[in-house]
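Attaching a single structure in structure tokens format; questions to follow.
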């Protein structure tokens, strides 16, 4: 079944684009011919019932699947403006990950200090100058709205932060390296409503600098934070369009059923 | 991203990758050092010892004539000691582990047992030898017998059996226990009908590893004083002594003097005649083959048998 | 909340209940008996420890009645069975520490690198074949390692250091180290693999290489497990007996030079035990005093390990 | 039906050989265990009545006699063979041609501990190389005999040497170290002549004598040749299997001693032993003293006088 | 906030009744004063957002919480007609579990043969007679609509069955001992739609013999299979009533919001 894709009238510049992307976990085909644009400095939400392949799709963008044997891509994800195919065997996954950051469902700070956590990406990139590191860490923590809470205890272990703070720390960590895209995989599902609110706000703020893909199982969240929404079902992209359109007048019956909660 | 930045990035990645290569290389190197050592040891023994591995080698008693010397008394001794060890360590170890894993409530006593077992696992085997000497030999007057040796080694491998059993029990998912309880089973029924059965592969692995450790232990056996020339077998139950006509009791063998493989090896290597060293190599080869195949069996069990129990 | 009262008719369930009640008492008795039995078995380990402590202390008390504790701790000679007896445990300690140090210099770095390699670099197949092979190393009886050290490794080392005596701590220590590698590697690897994938993914997602991920994330997160592995390695080294008894020369001199022969606590105990023990003599008590020192030494390491585990537990 | 023997490692090869043949001859109806505890260790068990026979590479000592007496244990003393306690060095050692007892003492006496560490300190003619020492363990008759013979007092020795009850350890150590010197029973040297060199000892008459069967027999290898014994518990001899074993031993000791490279005693010595058994002549002819440098004739004379 | 409980006009006989039931996981109060009737031979569905305490409530009925230290009940669950308080310390939990069976979310057959699985409850009750066992196993398997599929391979390992079959096996295991109540904790959430359908059908059939409590996160399922529905929220019972009423004209705003999918 072909996806129903409704492009906006004045499309913003493209940041990336999946082109008939298939994905296999061993023999199991988890993504079936997904083609979808990602617009620059916009938030694109991925919604769909559990197991439909949202996380799988998201993790293609930073080649996370490369870590596991037997996981296989087929198709392309073009990154613009330099037109590289992220999935190309020739392309170094580490390079891809340096350009595209990710925030996970469960906050996963490293067992290090707050400072070290945020500085990690920079250190990996060869930055050694302490002043530069300190500056960038501060900027990133401010960007993740965490600076005020932690500025006096940058050397504390990150695991001692609360869940919401940890997640913002992970966002700071992702922000610190000036990525081109940030992938969020249900970033608030482990958090309480207040922490969720602050993360959503954050997403709204940072999208001015970076393109965002966000997986969520919470319709309201998708409606609140995203500019575009993609509805996936059983490994296929069912419908893609501007968020308002998807929620107000979905083109497909399945999308409507899902959004109104009649199914899933 | 512009080309200049990209190439800078690539340079950094290349540099970082070097360490990946280094660790892989070192890891493989170190692994092969370990494995090659094992191979060297094995080949060395095999080359010296294999010519001596005739059937008579297994059916002859030790002798002052190297060509006639065999390992009959020592392999029988090892086997019997292992038998006692297993009979003591396996039930006690499994029962203890079940208690700790399934019954123990959190209190100071179980905490003491826990810490204690961890500590015992690190206690040098020679200390067990001292325990056996002071307690079994001199206090309980069990003598330098198969029973003493078996008990000593049983205590030595108890922590191994307990730890393996606990791990096996822990790997049984909670929902299996819940399913059994939900059927109205009592705790002992859950343990006996399910947990023990499903953790058997893990327990067996632990037992075999423990036994393979015990069979090669030398120091505690020397400490209890088994450095002896033995050219006879412990009395089989009911065996008739041709001189006296008396039949041996069912458990007489437990009190019999004995020797074991490592002691026999030790004895032969300390002989001046180099031909005894060939015997020692041959016996070592047999012993290593025994322990290695026990270990291999345990590993095989761990990887195969476990697959038969799915949750 | 108003709910209609239940009808109080007798029902088959009631007779069932009586039957249950009977079964219950018998079951409760049996369950308690079984629990008691299991507890007894669990206590065997405590009894073992008590037995060890009792025996070591009982004999050591008679020992220290004859040998002042000051001599024991500070004398620099160890000749307990000689006419002019000296009881300086330092001498044996120096041998034990030197040989353990050599062994750990081999086992800890090599074991750790192997663990990192197996857990973070090797593919599934490689790991599943190499790890068991490595574990076989710990299955070889130590007496055989002893002869290997004496007859194979020492001559090899003598090619490099012609001055090296035939019995020396170096060769015994190296072989001991190789024997200990699997303990360190296997347990560390287990600890590393228990680190949740999510943590690793965090690092990889930042563009980390395998090495960076291993060093910055996996090793710190698995630290308590790795520490336990090290502690076990140390206990093994300190308590190893036959390799040292066979290959290290049993020469009681106060020296930390691995190029020389040395006696360790353990090798002294077997050495004396080999010449059968005259029960009740000072010689007999010496080995218990030495055993007590060894026990205290391992206890120190175990305590350190316990503390480390406690401190670093749940890093993730 | 078990004959329990323990004690000297020096005597062990002979007893073991006898035990082996004896058990074969008896078709396994009698069991013999032979332990190696060293002479001292063996006597301690013997005097507690734990063993039937004790192997000894020196005569029983006063303290041990007292212990046995206290426990009501009487014994027969039966010399079995002669041994030459051999001082050995590495075959590559070129400067040592012979050694005097005084020089040995300088090396081994307790005062030498930590001080005498180089050959030059013993004899200025010798090179400035380290001395590596190997010797018998403290529970052994060999150690007692050597310290008595060299240092003048049993168990008086320096402690910083590689001590082992296991003579092969010593063989191994000495053969792999140019600067080594050590001592143990002749049998172990005889079996390892390729790896070791026996050092001629300057005897009281001033001759440098190498150990061998001949020099032991003619009494010139002095003071390090020594008789070795078994001690038989007088109560045990009442047991037929022990009696049989001892008689078998006296008949076969000469043959087996030779086989395992000891110097057998004259045939008369064994018959004398048998006579002592028959006539119930218990006790020792050495009076609890460790005598050094006794020859075969002297021994025979003493035995006859019991 | 008091629960809104609407009893039916002609209430069927009571099988059990929770009376101001509190439940604590250590210090955490997971159930707050839940009072609710369970009617004989009726299906009562428990619905509510994740974490609201549905499973916790269900597991009180067979004292499953007794297995864990620190779990604590407060209040009563009366069982009729014999008026025992299931939670009474005097009452043997084993006895409770012999009368009240449970089917779990994930099928959890024992790694034993199919026969052994179904016969286990009987064996625990001391039944040794092979013929009796065989008969009862057959009846139970028929009751669970599994007989035809497995009658030729009763000695096969149960774990080799498909997910849906395994779940039906677990139902057969629960049925075999003639329980008075069966508790279902999301019995279909791990199953595909076809297996789900057959389980739902089964529930409809067995309810003629036994009272049923079923936790589900699937509104449609609750509507399809149950006679009564309880909506829980944050450890409280919000509303209880006949299923039709709850779904058609819920009395409370919160219930309506949840059911129409506006929340959760």
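Letters A, B, C, D and E name the chains as they come in the text, with residue numbers starting at 1 for each one.
Everything below uses one rule, namely that a contact is a pair of C-beta atoms (placed from the backbone, for glycine too) under 8 Å apart; a residue touches a chain by one contact, two chains touch by 3 or more.
Here the structure is a predicted model, which is why all the values come from computation and not from measurement.
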What chains touch chain A and also chain D? B, C
Chains in contact with chain B and with chain C: which ones? A, D, E
Tally the contacting C-beta pairs at the B-E interface and at the C-D interface, and name the larger one. C-D
Inter-chain centre distance, chain D versus chain E - centres from mean C-alpha coordinates, in Å: 85
Rounded Å distance, chain C centre to chain E centre (Cα mean): 49
Roughly how far is chain A from chain B, going centre to centre by Cα mean, in whole Å? 52
Two or more other chains touching the same residue: where does that happen in chain B? 13, 16-17, 186, 225, 227, 269
Residues of chain E that touch at least two other chains are 94-95, 98
Expected list for chain C, residues touching two or more other chains, is 27, 207, 209, 212, 274, 276-277, 279
Counting only contacts in the complex, chain E reaches chain C at residues 3, 5, 7, 11, 13-14, 17, 35, 37, 78, 80-84, 92, 94-95, 98-99, 126, 180
In their shared complex, chain C is touched by residues of chain D numbered 6, 35-38, 40-42, 44-45, 48, 110, 113-114, 132-133, 137-140, 147, 153-166, 169, 172-177, 180
Complex interface listing, chain E residues touching chain B: 62, 64, 67, 69, 94-95, 97-98, 101-102, 104, 106, 108-111, 120-121, 123-125, 159, 170, 173-174, 177
If you look only at chain B, which of its residues touch chain D in the complex? 61-64, 225, 227-232, 241-244, 257, 269-274
Sort out for me which residues of chain D touch chain B in the complex. 1-2, 6, 12-13, 16-17, 19-20, 23, 26-37, 166-169, 171, 187-188, 190-192, 241, 256, 259-260
